[in-house]
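The following pair of complexes shares a single chain, chain A, combined with chain B in the former and chain C in the latter.
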Partner chain A sequence: MSVPRLATGPAKNKLRSQTVNRTFYWMVVPALLLFVVLHTVPALTGIFYSFTNYAGYGEWDFVGLQNYVNLFRDDRILSSYGFTFLFAVTATIVVNIGALFIALLLNAKIKFQTAFRGIFFIPNVLSVLIVGYVFNYLLSNNLPLVGRALGIEWLSTSILTNPDLAWLGIVGVTAWQSIAFSVIIYLAGLQTVPAELYEAASIDGASHWRQFTSITFPMISAFFTINMVLALKGFLQAFDQIVALTGGGPGTSTESVAMVIYRGGFQGGEYGYQMANSVVYLIVIVVLSLLQMRTLQRKEADFS
Partner chain B sequence: MNTEKSRTARWRRITGACLAVALGTSLAACAPAEQARVKLDFFQFKPEAVAEFKALVSEFEAQNPDIDVVINAVPDPDTAIRTLLVKGKTPDVLTLNGNGNFADLAASCVFADLSAFPSASRVKPEVQEILNSLGTCHGSETNGLPFANNASAILYNPDIFAKHNVEIPRTWDELIAAAETFKANGVAPFYMTLKDAWTVLPTYVNLAGNLQPRGFFEDIRAAAWTPQTGTHGFAKDGKEAAEKLKQLFGYRQPGADSAGYSDGNAAFAAGKSAMYLQGSFAIPAIRAANPEARIASFPYPTTNNPAETTLVTGVDVTLAMGRETKHPKEAAAFIEFLMRSEAMKAYTTAQSAIVPLADAGSIADPALEGVQDIFGEGRLIGYFDHQVPTSIPFTAMLQQFMLDGDTAAFLHRADNEFAKAAARTSTKKGE
Partner chain C sequence: MSTQNMTRRAVDREQKSGPEPQQGPPKKRRTSNVNVPVTVLVAVLSLTVLIPLYFTVVTALKSPDQLGGTGFELPTSIHPENFSKAWELTDFPNALLVSGIVTASAVVLTIITNSMVAYAIARNMNRPFFKALYYFFIAALFVPFPIIMLPVTKETALLGLDNPVGLFLLYTVYGLSFNIFVYTAFIKSIPPELEEAAIMDGASHWTSFWKVIFPLLTPMNATVGILTCLWAWNDFLLPLVILSDPATRTLPLVQYVFQSQFNTDYSTAFASYLMAMAPLLLVYLFAQRWVISGVMRGSIK
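What follows is the complex of A and B.
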């Protein structure tokens, strides 16, 4: 019995691997086509136009690298990068600390655990624009009343119309909305930690804090990495919450890069120039994400 | 001007959605109609005037049974029209706001030349000049006919003026004296709405438009202009207008920073301030807040010489025709139908606008009686900001200036933004 098996074995395997491969191709090719048509081609078109003075319509000419040169001389662009980094870094830190904390609470053996998990997920279901408009109303009308009642000067006018504080309002609303998603990922991570580790640790007399720093956090560090990368990448592209809350104001103090690209490119008739901005920004985001992955992954615990 | 553009996006979205529903049903109803009818694609930008244009269109269709006018109204007209142009789907007939954006499109020759239209000769020449000076195809055509004009004047509450014995100010000093009188009597002279950046513009366009030299924009919009090399500039010529703007906004009520345009309309409608620094376009919104609101108007006195006072007016609705339209005859008939005095009067009465015809007669809305004479005399200038490239965040800069009060910083920034725009424009021309 073993002889024919040996004889036919490799041939069968070869045949099978070929069929499997073909199936994979059938699955991958349509997705790849869609990706190329809907993503790569537009991206390349955009990169192409960044070397022109295209207004979005009408005639255009090549201008070489002039758009890129002007970009680095434009203080409005530079200050939008400054604001976006400040916003994204702050929001990433706030969201991850908040989400980790809430995830730990929701993972503990509390009553109505599932109900609480559902409630904490609600902000993520709501649209950012709706959340933004609601908070715009609250921050402009209700919070100043609280500030006046307590006699706090800086809180008695809307913080969204204060050039120095408006960004904090945006960070707050963004965090409120996006913590929910990070919580889900952290919860998934917490469920992968074996309960025996905690049992052994408590027998050894480890405090809760020690358990967190020595067991929980190292065990979920992969989830921490992905959350940090996703959060930073998402916040660097901030747009809708700013539209709903401040519209980039007061003045131009809360204009994010995405907003400048939209305004200048689609409303201001400087499509080519803002495409150059987009290309630079794409590179910035890719580089930042790679750096972040590398540094955080090095710190991840490896138990395999 | 930017005011119409930036009217709250939400409002537009709502009307847009309603219209989409309304259009959907009417289209469905029209669907089985015979093929012989000529279909005119009518792009209508003004969400506030959906009902008026619908009525005009049905009247036109009743008179011309072989023409079917399909109204297309969109939430964000400036972006939508560009999208249509990119796709090569220029509508047959359009209404657009006669601002810099319209001029950009006209200059790229996407609209037909309307100068030979019979109605073109009836338009008030000063108004046509304001529209054409922004930019036309080859710099010589007439690509848009003014359908309705607005006026940027100071709105005031005649009851409050009478109660405190204040005369209508005719000079800058009288305006400041009036503000002081109201302030001393515990009445808010103005209701300012700094949360919406563009609400600073109506005042600034009057001050800058009148106080800054003619030929200002020809100079600073030239290729490779810099504040050092140019004849004109904001730091050189813009100080007086900026200082006067700051002075007026110094009279703002407490909490003005977090008040928005709709708050302002409601407050002025309720008689909470003596004056309101908004144009004719705010009148329907004020009446919506309070149908009994007491509104009158006077032109901005920007200097101490009443003879120098001008009225800032813009073409709120301009009619245009696609250059490559398949139905030029029908489109022209529709435009001539809209340009009849009766149609324009009906529209301007409903929208508190001004008929831009030479033989228009008196302004229908009593709230605008105060600007009747100066409009009739043709002492008109266009909106200052229509000359500002849309890539410059000019309204945001004005808002910032009103919040920090730093005149030098504002003038420097304005010069800097124009220099950057000039550098980008020069790369456009010198390949």
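What follows is the complex of A and C.
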């Protein structure tokens, strides 16, 4: 096999210093064009319309920053942000703790390991919308029965019709569906931890908890970061599960930002206004994701 | 010949160096000291997944007057007519066909185009154009769909793409940011000497990509394919805003319309949910190991 050796010499430098082969552009340009047309252009026109009073049809005028000012005075918008954050933060915490716990169990020396992994991943192959419909029925018909049988008052009516509790139902269903994916990512992380570390720790007499805090968690912290960022970003976009469970109700108590954009923009003639909402929402998500990555990565560094 | 040998070697190495979740600990250890309490705990926890599924199945088999109670009783008599009713009311074969075409096209087009883009970028990262392109695509990771939902709907309607074709094109380009991330990391681990050797033997860049690189990407293609498939099949918001013709509704969209029109006939509704879940669930049951290792691989890279 002399081929690789040949290529490492001056020949390699010669190849590298040539101008880019035109084929590379052909590989990139079609997808790039599609991306610009279907992603960048809509994003830019959206930003443009956020400075207008466009209703989605008919005439429009520039209104400057008026939409942005109005956003901060709009109770419906503010409460949708409140709900979205409450939901996303709670769901992120619940999903990550639950998934890490299940992943640790599945990584232990258990019987039928592959089969159990298979079972825990099932929710992820199902549509969130349909899962939401099934749980909608369970939560509004079966859970109240259990509540009545046990004499628990707040459980004896559907929690989805209770403005204070409906969000918990949404968190529960979201967790049921999303834990699956996080479990798999954590399992992938756990596979990267060398078994020798545990053997050494056992010889030194470290408890299971100590092994978790001193070995497992630091070793998989990169996976923890990925999961936290992905989960928070995903849950901030919640839409399907809310449509299926509460439709934003009771009242507007479980309306997420995505839902307000959808309703106001498509049905409410608030195209320009909701585009301003989208721009604010984008800034919020970018800032949050970057902050989250920075703090979590700093933690990672501390461990190592 | 030489490139083929190289290729095979690189594949071997790739498989050896990549963590192989399924092989994991040797079988001896697993059978010799099984942790029984943890196994029991896992079994109990797995009921949280299985019970809702069981509930869906039995509800779909009952007649409306058998509903009520705890809902978990077995049906006293089986009612297959729920399925035929749901089949007709939702025009199931049509929705299945639309979902199937959109998902399959999205998966094929995504694998072909996204791997090509990632390859061109990964091999030219030192050139400003490709480097800028990389960050341009990665930046789009931060842009959630609801933000461009309103303008993109207008635009697809304008371009005549408010149909399944537009839908799978959107899945292909919206997956680009994440897939480039996964593919470029993987391609960087493939020595450039491989294609360079092929090119010195007279192959064009194009041929060397398809003959040398693309086959080496198989594990990543599987990962990207699985994730795209799950996304395109189950997605609800994108079909909801893009598709304008009721005849081209995807399976999740049909459930939405069905739910809002016939929301009291729960037996038929559950039969309909079950039929919509069944295709991917069946595929998953047969390809389970493969799907899980595919998703795991994607998260390690």
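Operating definition for what follows: the second predicted complex is superposed on the first by the 272 of 304 C-alpha atoms of A that agree within 3 Å, B and C clash if a C-alpha of one lies under 4 Å from a C-alpha of the other, contacts with A are read in each partner's own complex, and residues count from 1 in each chain.
As a convention for this text, a contact is a pair of C-beta atoms (placed from the backbone, for glycine too) under 8 Å apart; a residue touches a chain by one contact, two chains touch by 3 or more.
From a predicted model like this one, the values you see are computed outputs, not experimental measurements.
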item: Partner chain(s) touched by A:Phe266 [first = chain B, second = chain C, both, neither]; value: both
item: First (chain B), second (chain C), both or neither touched by A:Asp74; value: first
item: Residues of chain A touched, compared between chain B and chain C (which is higher); value: C
item: Touching partner for A:Gly82 - first (chain B), second (chain C), both, neither; value: neither
item: Touching partner for A:Ile102 - first (chain B), second (chain C), both, neither; value: second
item: Partner chain(s) touched by A:Thr192 [first = chain B, second = chain C, both, neither]; value: second
item: Touched partner set for A:Tyr133, first chain B, second chain C, both or neither; value: both
item: First, second, both or neither for A:Ser278, with chain B first and chain C second; value: second
item: First, second, both or neither for A:Ser158, with chain B first and chain C second; value: first
item: Touched partner set for A:Phe62, first chain B, second chain C, both or neither; value: first
item: Contacts on chain A seen with chain B and repeated with chain C across the two complexes; value: 56, 133, 141, 266
item: Footprint of chain B on chain A - complex, ascending; value: 53, 55-59, 61-63, 66-67, 70, 73-76, 133, 140-141, 144, 157-158, 160-163, 247-253, 255, 263-264, 266-270, 273
item: Sites on chain C touched by chain A in the complex; value: 2-3, 5-6, 19, 21-22, 24-25, 29-30, 33-36, 38-39, 41-43, 45-46, 48-50, 52-53, 55-56, 59, 67-68, 70-72, 113-114, 116-117, 119-121, 123-124, 127, 129-130, 133, 137, 140, 142-156, 159, 169-170, 172-174, 176, 191, 193, 196-197, 199-200, 204-206, 209, 230, 233-237, 241, 251-252, 255-256, 259, 266, 269-270, 273, 276-277, 280-281, 284-285, 288-289, 291-292, 295-297, 299-300
item: Residue ranges of chain A in contact with chain C within the complex; value: 1, 3-4, 6-8, 11-12, 15, 20-21, 23-28, 30-32, 34-35, 37-39, 41-43, 45-46, 49, 56, 102, 105-106, 108-114, 116-131, 133-135, 137-138, 141-142, 145-146, 176, 181, 184-185, 187-189, 191-192, 195, 223, 226, 233, 236-237, 239-240, 243-244, 257-258, 261-262, 265-266, 271, 274-275, 278-279, 281-282, 285-286, 289
item: Residue ranges of chain B in contact with chain A within the complex; value: 10, 78-79, 82, 85-86, 104, 108, 194-195, 197, 255, 257-258, 389-393, 396-397, 399-400, 403-404, 416-417, 420, 423-424, 427-428, 431
